[in-house]
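You will see chain A twice below: alongside chain B first, and alongside chain C after that.
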Partner chain A sequence: MDNYNASLDTLFHALADPTRRAVVQRLVKGPAPVKELAAPYDMALPSFMKHISVLEEAGLIASKKQGRVRTCTFNPDKLAAAEKWFDDQRTIWASRFDNLDTLLTTLQGETDET
Partner chain B sequence: MKPDLRFDFIADMQKSTLTVRREFAAKRQLVWDCYTKCELLDQWYAPKPLTTKTKSFDFNEGGHWHFAMIDPNGTHYWSRTDYETITPIDGYTGYDGFTDETGVINPDLPRSHINMTFTDKGDHTLTETVVSYNAPEDLQTVIDMGMEDGMTSTLERLDELLVKLTA
Partner chain C sequence: MDNYNASLDTLFHALADPTRRAVVQRLVKGPAPVKELAAPYDMALPSFMKHISVLEEAGLIASKKQGRVRTCTFNPDKLAAAEKWFDDQRTIWASRFDNLDTLLTTLQGETDET
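Entry: the complex of A and B
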């Protein structure tokens, strides 16, 4: 549990930045070299590499250097953890609203009878 | 039996907000009452299989609702909603916080700001709840808590209450 929470902590920090979110979205489609990932951004390579390290530390992506090319790949397990939390929240709200549907129906039934 | 009612659930991690929209098959005044009277709130607010119990209630600007959500083992999860602004029957704003049984807000846990709006949609009512946290770290703290409580893992089989109603 502790490990799970710690990893979520870094995960949310990692995803709090728009550049990093865009990189993850790109990598969901398939692996890509750092050079290609950095191309859309008006940013020095060292700055971009910092984003890559944050994503790697969060476990969202992995990278591997072959020759002079560093290729990044997406790690789906980590994002699944965050998605699970939001799914759980959605379930809570859905359950609460189902209760309210029930109550509203009951209340309207009472009004109709009088 | 359940009509096709709109339900949007949008999480924005960058802004640390949750936006929840839900349509109800009832007039706005009735939906408003269900949100603003504790004898009605007690009947629906906690998600299954938890139940809601109000300890004190004052629906006025500056007032608050102190309540517990109780799980099947009898564990009480105490919360408090403080009402900031109220515009019947259009909406209200306030803060949700975690408390103990006496209603004292736990300063170590983040509070969230709540903005509730109610609008007509034909004969139905559309509600929108925007839950905002001050920072991603605050949202994170709440996420971690939810996991520790195990509250989120026990929620299932919602349809049983619909069956209960028709019986």
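Entry: the complex of A and C
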């Protein structure tokens, strides 16, 4: 499996969880300490840290410890990879209709000529 | 968990696998029978059908049996839901920089006035 595919696997897996999506949605607004990110959830810290690790492994966020505070930041590059995949599918899907339009126009022209 | 979030869970989970993404990539070009979709994979048919089921449950594809042939078609609506999530994050991320630009311009203005 190539790197692009492996990267999309971990990326989509990371986004297939409501807690992890909520963390991303918070971090696009700006960096935040883990303690603040974890606050809304009724979850033990080790469980929450597993979500943070999955997001880090997918490259969606980065974290840095300064003293006793670990701060997380959003990394926009990986979202771009996922968006590209969606764009590619949409382009192919749309071109299918363009081809159908061309075919219909051609057929219409042929009908008009007869 | 609301319907939108549950829908994104199953959608991103469905896309977190290279075989399932490849099936979607094939079906955006047009409908195809399961036999044709399965052909490139060294995989038992029941295993392949599990992938088809995951994609159907996520609403990314639909399948219909006519006689002995089951044909799959792509459903573009669900991709739109995922794209919307990415668009929302990008908008918030971009507005963050707009705000920063405004702040910098304001501070620059204040510096110029002094």
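Rule of thumb we're sticking to: the second predicted complex is superposed on the first by the 99 of 114 C-alpha atoms of A that agree within 3 Å, B and C clash if a C-alpha of one lies under 4 Å from a C-alpha of the other, contacts with A are read in each partner's own complex, and residues count from 1 in each chain.
Throughout what follows, contacts are C-beta pairs under 8 Å (C-beta built on N, C-alpha and C of every residue); 3 or more make two chains touch, one makes a residue touch a chain.
On a predicted model such as this, the values are computed, not experimentally measured, just so you know.
Q: Looking at the overlay, does A:Leu107 come into contact with chain B only (first), chain C only (second), both, or neither?
A: first
Q: Considering only the touch criterion stated at the top, classify A:Asp98 as touching first (chain B), second (chain C), both, or neither.
A: first
Q: For A:Val24 in the superposed arrangement: first (chain B), second (chain C), both or neither?
A: A:Val24: touches chain C, not chain B.
Q: So, A:Pro76: does it touch chain B (first), chain C (second), both, or neither?
A: The second partner, chain C, only.
Q: Give me the intersection of chain A's contacts with chain B and its contacts with chain C, in residue numbers.
A: 1, 5, 8-9, 12-13, 15-16, 18, 21, 85-86, 88-90, 92-93, 96
Q: Hey, which residues of chain B end up touching chain A in the complex?
A: Residues of chain B touching chain A: 2, 5, 7, 9, 11, 13-14, 18, 20, 22, 24-26, 30-31, 34, 40, 43-48, 136, 139-140, 143-144, 146-148, 151-153, 155-156, 158, 161-162, 164-165.
Q: Chain A touches which residues of chain C in the complex?
A: Residues of chain C touching chain A: 1, 5, 8-13, 15-18, 21, 24-25, 28-30, 74, 76, 79, 82-83, 85-86, 88-90, 92-93, 96.
Q: What residues on chain A touch chain B, complex-wise?
A: Against chain B, chain A makes touches at 1, 4-5, 8-9, 12-13, 15-16, 18, 21, 85-86, 88-108.
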